[in-house]
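Questions regarding the structure given below will be posed in turn.
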Amino acid sequence: MSNFTGITATMNPLAEMAQFKQNMREVAASPEWRTSKLIERQRWNPYSMEGGSTAAISGDNFAIVASDTRMTQNDINILTRDAEKIHVLNDSIILSTSGFYGDVIQLRKVLQSRLHKYRFDYRADMSADLCAELLSRNLYYRRFFPYYTGAMLAGIDENGKGAVFSYDPIGCIERLGYSASGAAEPMIIPFLDCQIGHVTVAEDYEKPPLTIERAISLMKDAFRGAAEREISTGDKIHLVIAEAGKPIVQKFLPLRED
Amino acid sequence: MWGETFDDFESEERELAVAKQNFMHEPANMNFTFPSLPLGIQPVEFMNSHFGATAAKNMKFRKGTTTLAFVYEPATPADKGGIIVAVDSRASSGEYISSKSVMKILDIGDRMVATMAGGAADCQYWTRIVAKYCTLYELREKTPITVSAASKYFANALFGYRGKGLSVGSMVAGYDKKGPQIFKVDSDGDRCSLKVCSVGSGSLNAYGILDNHYKPKMTDEEARKLGLRAIMHATFRDSGSGGVCNLCHITPTEKIRLPPMDVSKLWYEFADELGRDIVYDPRE
Amino acid sequence: MVSTEVKNVAAHMDMDRGGAFDFSNCIRNQAMCKMGAKAPKLTSTGTTIVAVSYKGGLVMGADSRATAGNIIADKHCEKVHKLTESIYACGAGTAADLDQVTKMLSGNLRLLELNTGRKARVITALRQAKQHLFNYQGYIGAYLLIGGVDPTGPHLYMCSANGTTMAFPFTAQGSGSYAAITILERDFKVDMTKEEAEKLVQRALEAGMHGDNASGNSLNLVIIEPKETVFKGPIVPEFCKRPEPNDLVYKFKTGATKVLKNKTFKYDIIESMDISH
Amino acid sequence: MSIMSYTGGTVVAMAGDECVCIASDLRIGEQMTTIATDEKKVHKVSDKVYVGLAGFQSDAKTMLEKILFRKNLYELRENRKVRPQILSEMISNLCYQHRFGSYFTEPLVAGLDDQNKPYICCMDTIGCVSAPRDFVAIGTGQEYLLGVCENFWQENMKPEELFEATAQSILSCLERDAASGWGAVVYTITKDKVNVSTIKSRMD
Amino acid sequence: MDTMREEKRNAIPAIGYYPQEEISTGTTLIAMEYNGGVVVGTDSRTSAGSFITSRATNKITPITDNLVVCRSGSAADTQAIADIAKYYIETFSMMENENVTIYRATQIFRQFLYNYRDSLSASVLVAGYDDKLGGQLYALPIGGFVTRQRSTASGSGSTFVQGFLDSKWRPDLTLEECKAIVKQAVGLAVFRDGSSGGVVRVATIDKTGTKLELFRPDKPGFPSVAPPKGHLSFPDHIEQSV
């Protein structure tokens, strides 16, 4: 019965100890600095990580998405300072993806062509929930050669509420109040946990409600904090605000450029 | 299809049409082939190197969980009996908790549920496929599908992808004409019917509590409390489980979903109940 | 009045084996990594370091960012190390190696100056660094720019981790050096004035910091001349400042966190730290 | 799984106006299972100097003994209490001595020196000291803490404020880190007293 | 004549070893003996991978007044070997109060290059003049053995100019003819080899000592190579220049 422990070394402790002793003998016999002179065969790697991060917050009648606009090549040199990671698909759906930029563009094309076909078939725009399910299935269709992206879909759903759907690379969908993806995700998410989810403060402590102004300032501060500490986040914040019943507003705000 | 009538294609452009069709339309599932890696690259080893332990924090697949289900008869006539399904709600990728509120009890029919353990995306997708099959079955046969048939279809579907790296550990539970049934289905394709079952990284802890307190005849209240307590102990000891405990009670007549209970609150209540002072006393 | 037993007991404790490396964990660490576990990330200075010699002396500069993986470990780390009064070294590569190698060099040079009564020469610093690094065949990852002024005039050398050394009129090192070297190649003139050289180094550093992820935050300059050495503290260029301050102020009033248990240990405030009475 | 997250554990330190806060979680585990939930990672070195050791706990314990040994020798030789700057130099040399077979633990030093000026620093496994003036974080939750502290830290915070900011930071971090948690303890070091408080946190 | 196999060391994270691109002198070394001394010519490019670390290095390292060693291969190894050998040669000449012969100096080089041949990747040319045997030229390729040569070339650029050297060599060459051949050979190698370039340095070692000359590409005297003109790649109605 293979138990799903979700970790690689599922050996029992005794086997693990025997394996460790065996490794000790091997390394003592031929240490890596003697054997490591050989030129290792280049393993085929179809992906690369273009860095940058995105985040999204949804309130009761709005959804805002922000991302930085820097594209980096293997963590060091900057390819461009205004890469577009947020794509507004139609007036109620915003797709924002981070990760391998080739897959980012491919995902956008897949969704745009399906939305176009939906408009052709039903003469109506796709709603956010429908598009979210569609994206989850399409991510999963490449289960054995996945898109190397952390996708996020935000927008206003059918009954006018803000919605943020977060995905893992093969399409595990989940609707959340706020979410982030990309290189600086571990820095943005705990900050939003504390300020929006109010999970860390005591029960009786005052918890300010999430208005759109507060959400926008939280998003800006989250990215400023991330730009301070993460090397592939910076240059500009691309902020997209979707409010129920209002056209989508896009803004660019400056960030550190070093 | 409309593609051909639009203009006449020679043969090699036909594959283009089929590819475009696959690309544009919802592929009918059974003859759908997943796009595969170039020849010579093993999917499992490729997945491990790009999405496994050494991958970036947020690029790992969401995994790890604790799910349990058990069947019990009503001890007193006031109880309804049936199946208790309890799950936690954490999806972790490596040591990073990618989500704290995943709904891991997925509906198949209106009387059947499947639980999610192992790969979150795999379970979500394949449960929807099984749900689609069950609804079509009901429309065709005009009788609700039995749990064993649904779980058999699930196992066959997974068997087709053995060795390609799918990770599913699901329990299909439901009430049908043969009574309450729980079938455990794995991505290795094995399927067995059990009375008490737990799957996931916290399953060992959950089994400890279940084996200790499980009685074939229990009151509803006692059974629900046992489900909650087992999940709480699993989340305490296992770092891959946590968040809130979702509980679903399938009775002979209907399916009741209880509101989620925060596991950490349960733990503090459990400590007060035992009168144990679990708070760490600060020292130098 | 430490008793003699403690002294000789302490002598051969593993306190310090004459500063040599202790390889005891080497085999264990490699065996653990073979078990499939990732080794910890070391802080490395991605960095941009630039040095330019001009008519009367030398200007050296470095950025101040140390990174561990994609996280900035230290925003204002000291990369311009002082070896002696008029010899400075800037370093790129593994941060710990740089600190320790430059500390060793400055120690040895100071002893040399005290023994010989003369100001140490740049070539001595270079030769010591080169032989130390060659001994370890590049396993000590220190890529140094050693520059200074000594009785024979201004000198600027590059010493790489496996022991290659070269003399330069101007050079740049580190991951940001590609951007910096283009500025230097375009604007360097042989006998520049001090101001020109300083401005050129600052422009080159800013090019490196702006274009390279692993360099940034602030830059430090040192201008070495026979008579005096001027160290210009952290200069923060325009693009390294936060363009806008935070919108909200995150102040938590007392009671924000639920405290379960609390204990206080009081100390009498003692002025001096001397405990000999 | 990385070696540093085999046992898990996180420590954070923040500096305020003549006060320093250092907080740590309480979990010791073996990869996924939690073994102990009352193991603090912060150790007292002298009255106003504390050291935090996150990472692989067996190396952390060995390192702690070596640090205390060297501190005692220092105090015997110099006849005065050790200052945090000196302690961090000593630990850095100890780590660098094992440059080619390092201990899998990242030390963190926090404390007030003899003029009661706060000093905090953290190191990587081979002893590269980074001593900022605002906050440092080590362990499996390092990235989460850095993101949160960046916004929670203000200039010259009073002890109470500093305690709240540190507590909130470590709780937000434990929220998202599976390998640390199960309670947190926060030490607030001021010139006349050290206040130790256990704060309520999630136990999953 | 030997070609250096490109040797890249991998990182060993367990002991914190993350190497960058190794600096190697791709280089071209041409040397030719004439009666009365030796003429040596080199390029001046040192590269780390595809990045030119320095475009004007001096690869002709003087050891004594009339002994010179030309270095190619891993810059670190050759610099270390040159320093150590220079130290030995200076000590011997101080102890014996007379200059060390060129042959003996070469044997000192061979000792190190042979004993550490599996951890070094260095190939050097030792050229010098002494009263016993006059102008001598010794080649020490990667294996660490010694061969006395009349005219030789070493380094990655040498493969391009072997034919030229064989065709030009005659037994009784004068100094001027030798210098012209060496300079032209280095020019040809620089023209063809990517990892050679920069200025051309020519050194003449004879009774009087060592004389260094430098020829810059932008100044007259730089060896010029005139390749045949290429055909036009577009149809001729399009205005284009070769």
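Order of writing sets the chain letters: A, B, C, D and E. Residues in each chain are counted from 1.
Everything below uses one rule, namely that a contact is a pair of C-beta atoms (placed from the backbone, for glycine too) under 8 Å apart; a residue touches a chain by one contact, two chains touch by 3 or more.
The structure presented is a predicted model; accordingly, all values stated were derived computationally and were not measured.
Novice: I need the common contact partners of chain C and chain D, sorted by label.
Specialist: Where chain C and chain D share a partner, that partner set is A, B, E.
Novice: Which chain pair racks up the highest number of C-beta contacts?
Specialist: Pair with the most C-beta pairs in contact: C-D.
Novice: Going by the average position of its CA atoms, which chain sits the greatest distance from chain B?
Specialist: E
Novice: Comparing centres built from CA atoms, which chain ends up most distant from chain D?
Specialist: Farthest by centroid: E.
Novice: So what's the Cα centroid distance for chain B and chain D, whole Å?
Specialist: Chain centres of chain B and chain D, defined by C-alpha means, are spaced 39 Å apart.
Novice: If you average the Cα atoms of chain B and of chain E to get two centres, how far apart are those centres in Å?
Specialist: Distance between chain centres: 70 Å.
Novice: Taking each chain's centre as the mean position of its Cα atoms, how many Å separate chain B from chain C?
Specialist: The computed centroid separation for chain B versus chain C comes out at 53 Å.
Novice: Roughly how many whole angstrom separate the Cα centroids of chain A and chain B?
Specialist: 24
Novice: For chain D, give me the residues that contact two or more of the other chains.
Specialist: In chain D, residues 1, 32, 99-102, 125-126, 143, 146, 151, 168, 171, 175-176, 196-198, 200 touch at least two other chains, as defined above.
Novice: Going by the touch rule set out above, which residues of chain A reach two or more other chains?
Specialist: In chain A, residues 5-9, 32-33, 183, 186, 200-202, 221, 224, 228-229 touch at least two other chains, as defined above.
Novice: Two or more other chains in contact with one residue: find those residues in chain C.
Specialist: 26-30, 32-33, 36, 38-39, 42, 71, 75, 94, 139, 178, 246, 250, 252-253, 256-258, 260-263, 265
Novice: Strictly by the criterion at the top, what is the full list of touching chain pairs?
Specialist: Inter-chain contacts occur between A-B, A-C, A-D, A-E, B-C, B-D, C-D, C-E, D-E.
Novice: What residues on chain E touch chain A, complex-wise?
Specialist: Going through chain E, the ones touching chain A are 6-10, 12, 14-15, 17.
Novice: What residues on chain E touch chain C, complex-wise?
Specialist: The touching residues are 9, 12-20, 22-23, 46, 51, 53-54, 57, 74-76, 79-80, 119.
Novice: Which stretch or stretches of chain D touch chain B in the complex?
Specialist: 1, 5, 8, 26-27, 29, 32-34, 37-38, 40, 44, 140, 143, 175-179, 183, 185, 196-198, 202-204
Novice: Quick check on the complex: what are the chain D residues that touch chain C?
Specialist: 1-4, 6, 47-48, 55, 66, 69-70, 73, 75-77, 79-81, 83, 92-93, 95-104, 106, 114, 124-130, 132, 142-143, 146, 151-152, 154, 160-161, 163-165, 167-168, 171, 191-200
Novice: Which residues of chain D touch chain E in the complex?
Specialist: 99-102, 125-126
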